[in-house]
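Structures follow.
First chain A sits with chain B, and in the next complex the same chain sits with chain C.
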Partner chain A sequence: MTPVSEKRGRLARISFGALILLLYVFLLAPLAAIMLASFTGGELMRVPPQGLSLRWFVAFFQRQDLVDALLMSLRVALVTSVVTSIVGMMAALCSQALSRRLAVVFQISMTLPLLVPELLTSIGLLFFLYQIGLAKTFIGLQIGHILIAFPYAYVSIVAALRQIDPAMEEASGSLGATALDTFRRILLPLAAPGIVMGAVFAFITSFDLYTISLLLKPVGGNTLPLALFDFLTYEFRPTAAAAATLSILLSALGVALIQKIVGLQRAF
Partner chain B sequence: MLMTRRTLLQSSMAAAAAASFGMPTFAQGKPMVVNMFGGRWENDWRNSVLPNFAKQINRKVDLDIGLGMGWVSNFRAAGPENPPFSVVMLNERYTAMLRDDGYFETLTPELVPNLADVIAPARLKDDTAVTGMLAPLVLGYRTDLVSEKPRGWADLWHERFRGQLGLYAITNSAALMMAMWAGKHFGSGYDDIDTAVKKFQELKPFPQLGYSAQLTPLLTQGQIAVAPIDVGEISTMQSQGVPVDYVIPEEGMFVFDHSFSLLKHGADKQDGAKYIDFVLSPETQAWMAKNWLIAPTNKTVELPPEVQKWPLSQDQVSKATRFDWTAANKISAALSDQWARNI
Partner chain C sequence: MTDARKWQLLLGIPAVLLLFVFLIMPLAGMVEMSFRTAGSNAPYGDGFTAVHYARVLGDGFYMATLLRSLVTAAIVTLLCLIVSYPLAWHLSTARGGKALFLYACIASPLMTGVLVRNFGWMIVVAIDGPLNASLMGLGFISRPLRVMFTQGLVIMALVHVFIPFMVLPINNALRNINPALSEASLSLGASRLSTFFRVTLPLSFPGIQPGVILVFVLSVAAYVTPALLGGQMVNLMPTLIIRELTGTFAWPFGSTLAIVMSIATLSIVVAFSLLTARLMERVRA
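After this line comes the complex of A and B, so read on.
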């Protein structure tokens, strides 16, 4: 390699590195800003913060409406992640069993909620829920969240199942294992990273949903994104930044959980 | 009995099914549902006001939290024959939508005795709604950042405030009121949206905020010096030591009308009417004036001394500029479109 091309190569690497760095800054700056703002000692949500304090976290936990909303969001997201994982696994297995052409149609239909705008899905679901008497109930809200979050779990599990060598299933069957045994001892452990990742994605997606919650939320209940929007609408204080910081930490905990249980490399 | 995973799963599913299908069993004891905005409105209403009403009707009362468009979507999805609640509070902009769809019962003093004491401007469209919460919209300004205070809405176009204004986004009913006022003041009428948009174009650039509470930080930090804003925010800023004051615009202040209506086919109509009566009662109206700087619409209410410096009196409220929201809703789509393209 000539000194000129070596110099060009180094320049290209530095430029690429700078670009990546800029990209990270662009992605992470809003998160860093809101987290910084949550530790302000002043009255206003601003960066840099005016002094350091945990007072807005205390204020958050003293607000019954926000704490109730946090608990409801956690509850809905937890049920969503469990249900989407189970149904996603069933759908992924079904997709494996179909012919290639049918599987394509099946996959598109399973991921439709990702293709249709959330608002339209919400309105359609709202009319449907009123027809069956489940509008403005917790079950109605839960159905909406499961519907929107389902494709994330499904896609993740399908990807995990595809990585499993079909010969392992055949070997299990030829050694006398029942279909259930093969599922429990072969498929489930090997697909576990995809299932966990899908569950975590479904949880985070559900935890963040706004539009569908706005239309489907039950009487007397609010999810955290809705409560935060209400809060910012009428008060606009750093308590909202504290709530955002808690949400970010919760998401980070989810990623740490994947790392701990299955390892990020296996999951992706 | 030993609880295995299988029995646990079975009993959980049975419990879930029972909970789902058993709901009608509790229908008789169902709580009454009323609605309110979120944030501090929710907290105050839930903790300080609703318990008195629940005691009055001897029944549990649930609070549905939300915003106008969310409630309107729900009522429209449910249809007029099957409304989700029997009584509803909405900004008059949204009330007009449901009124035009035929959802509401006519309110009478027999149903709502306190209606007889309500000021005339608060009785809306043949008593299909009554304003129970009336929030004045005034011109707020930073006393240290303007050389001469504004006198009226038209002063927003004065050279001395150029670059110092904060306004509402067109999604907020305050922006709609401002635009309709500008259409009438500078053009041919409330529906002259071409003139209105052209006039607001002259004020560019200015920050557009969704709600009053989002204008507050900008005023507090001095990023803007003049803004239309509701008096509650002025009071909050003053209590924090921000050098801010307000004027009642000489052309007349605007008001956010939060009106209450009874649903024609509501299941709880009787308690719904009692709720509207409770909201209009002198006690509740005085409480709202004192705690939220909401102008009482019940003329028997005497304003507490501590709020008399605010424009909440019957006389001031009666002089406020009011808008026909049925007509406003007809132009709002075109106005939003033009606003988005040009501003």
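After this line comes the complex of A and C, so read on.
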């Protein structure tokens, strides 16, 4: 290589590096801004924070409406995660028994709630729940969350089952174990990381849903994202940043859990 | 088929019921709703009519809003592709612990809600926020920019929301390219730039196509971002639809708006897929 082209190559590498850095700053800026603003000691939600304190987290937990919303979000997300894991596990076992061509159709059908925009699903469900008398009820909201979070659980479990060597199952069967025994003692332990990952994804997805909760929310009930939106519209105070920081920490906990159990590269 | 296998098939019933009863039937119900007459005391009436479609298609306001939504989504998709490609390329070349760290950076926004991420921009772009402070510090502007409640902010926040949806498929496609191909191109005397445009870029198309379709579809129907960051100033289809449904309780008319929006989106996706089908075939060959 000539010295000139070597110099140009280095310049290109440095500017590409700077571009990548800038893009990561863009990607993480809003999350960083929220977390910084939530620890401010001052009255205003701004970055850089004026002094550090936890007063806005205290303020958050003193607001009964926000705490109620947080508890409701956690409860809905927990039920969603349990139900989608069970139904997802059953569906994943079913997909194994299908012929190859049917399995492809089944796979696409199971991920439909991901492919249809949340707005359309929410509108359809709003009408449907009204017609069967479940409009504005807690159970209606719960159904909506389960539906949208279902593909996350299903996809993770299917991927985990696919990793299992079929010879294991056959060996277990030929040694005289019943189908239920094989499931309980071979499949379940081997698929456990995938099931946990799916449950975490489903939990976080449900915890963060906004549009469907807006349309299906029960009378007198609010989820945390709904309460946060209203709070931001009427009072732009650091309490909101504290609430958002709590939900970011929850997600970070989920990501850390997935990384520990399965590794991120396999997860995405 | 063995008995055990038959039992295994039955395990799919709850999932199929869940999707059929609570997704397929409601979507069909939404189509039916769009042909209902408006109700006087209820959200919808008993009769059937096509008058809502005539109203949406004949009114310049709704057509202009639809066009604005589609153009906004196209801009978001294009910007998202431009921003995501270098990120995906960089990610695809990383290995080991560095790759893991970068995955976490790309995926963690995906794991936090859209509302939280949009709210972060409110702090960043505030009049006395860090963006204005650094732009003024660097001497680019002399007075703070007011970006809250503008279309530009909505577009930027949507690009931010959808970056992971674009980066991850492109990263997968890039990882599947045989490195020998670009090495061959380089050793045959092609420059780095022409190697990129004639070898790497076309071969990464299997990742670009699904990314573009996904981001476009999700952008058109995105509600939270324009509602929070655009306020009353940025009128897009989703905000209009929600207003019809929850504000005035005009369910048939709201459904019609949603269906017209979906049909327009779907037509564009089909046209895009057909136009790019030849490119996909060439890549596969």
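By definition in this document, the second predicted complex is superposed on the first by the 229 of 268 C-alpha atoms of A that agree within 3 Å, B and C clash if a C-alpha of one lies under 4 Å from a C-alpha of the other, contacts with A are read in each partner's own complex, and residues count from 1 in each chain.
Note that in this section a residue touches a chain if its C-beta (ideal position, glycine included) is under 8 Å from a C-beta of that chain, and two chains touch if they have at least 3 such contacts.
The shown structure was predicted, so the numbers you read here are calculated from the model rather than taken from an experiment.
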- Combined model on chain A: chain C and chain B, fit or clash: clash
- Message: Between chain B and chain C, whom does A:Val219 touch in the aligned arrangement: first, second, both, or neither?
- Response: first
- So which one touches more of the residues on chain A, chain B or chain C? C
- Is A:Asp230 touching the first partner chain B, the second partner chain C, both, or neither of them? first
- Message: Which partner chains sit in contact with A:Phe203 here, chain B, chain C, both or neither? Use first/second/both/neither.
- Response: neither
- Message: Looking at A:Phe57, would you say it contacts chain B, chain C, both, or neither? Reply first, second, both or neither.
- Response: neither
- First, second, both or neither for A:Met45, with chain B first and chain C second: both
- For A:Leu19, select first, second, both or neither according to whether it touches chain B, chain C, the two together, or no partner. second
- Message: Between chain B and chain C, whom does A:Ile123 touch in the aligned arrangement: first, second, both, or neither?
- Response: both
- Which one hits chain B, of these parts of chain C: 4-12, 238-246 or 256-264? 238-246
- In chain A, both chain B and chain C touch residues 45-46, 123, 126-127, 130, 214-215, 229, 232, 236
- Report the residues of chain B in contact with chain A in the complex, numbered from low to high. 20, 33, 37-43, 46, 62-67, 70, 73-74, 77-79, 82, 84-85, 210-211, 213-214, 216-217, 220-221, 240
- Hey, which residues of chain A end up touching chain C in the complex? 16, 19-20, 23-24, 26-34, 37, 45-48, 87-88, 90-91, 93-98, 106, 109-110, 112-113, 116-121, 123-128, 130-131, 143-144, 146-147, 150, 154, 179, 204, 207-211, 214-215, 225, 228-229, 232, 236, 240-241, 244, 247-248, 251-252, 254-255, 259, 263-265, 267-268
- Query: Where on chain A is chain B touching in the complex?
  - Reply: 43-46, 63-65, 123, 126-127, 130, 135-136, 139, 214-215, 217, 219-220, 222, 226-227, 229-236
- Note on the structure: The answer for chain C against chain A in the complex is residues 4-5, 7-12, 14-16, 18-19, 22-23, 25-27, 29-30, 33, 43, 83, 86-87, 90, 99-100, 103-109, 111-124, 126, 128-130, 160, 163, 168, 217-218, 220-224, 227-228, 238, 241-242, 245-246, 251, 254-255, 258, 262
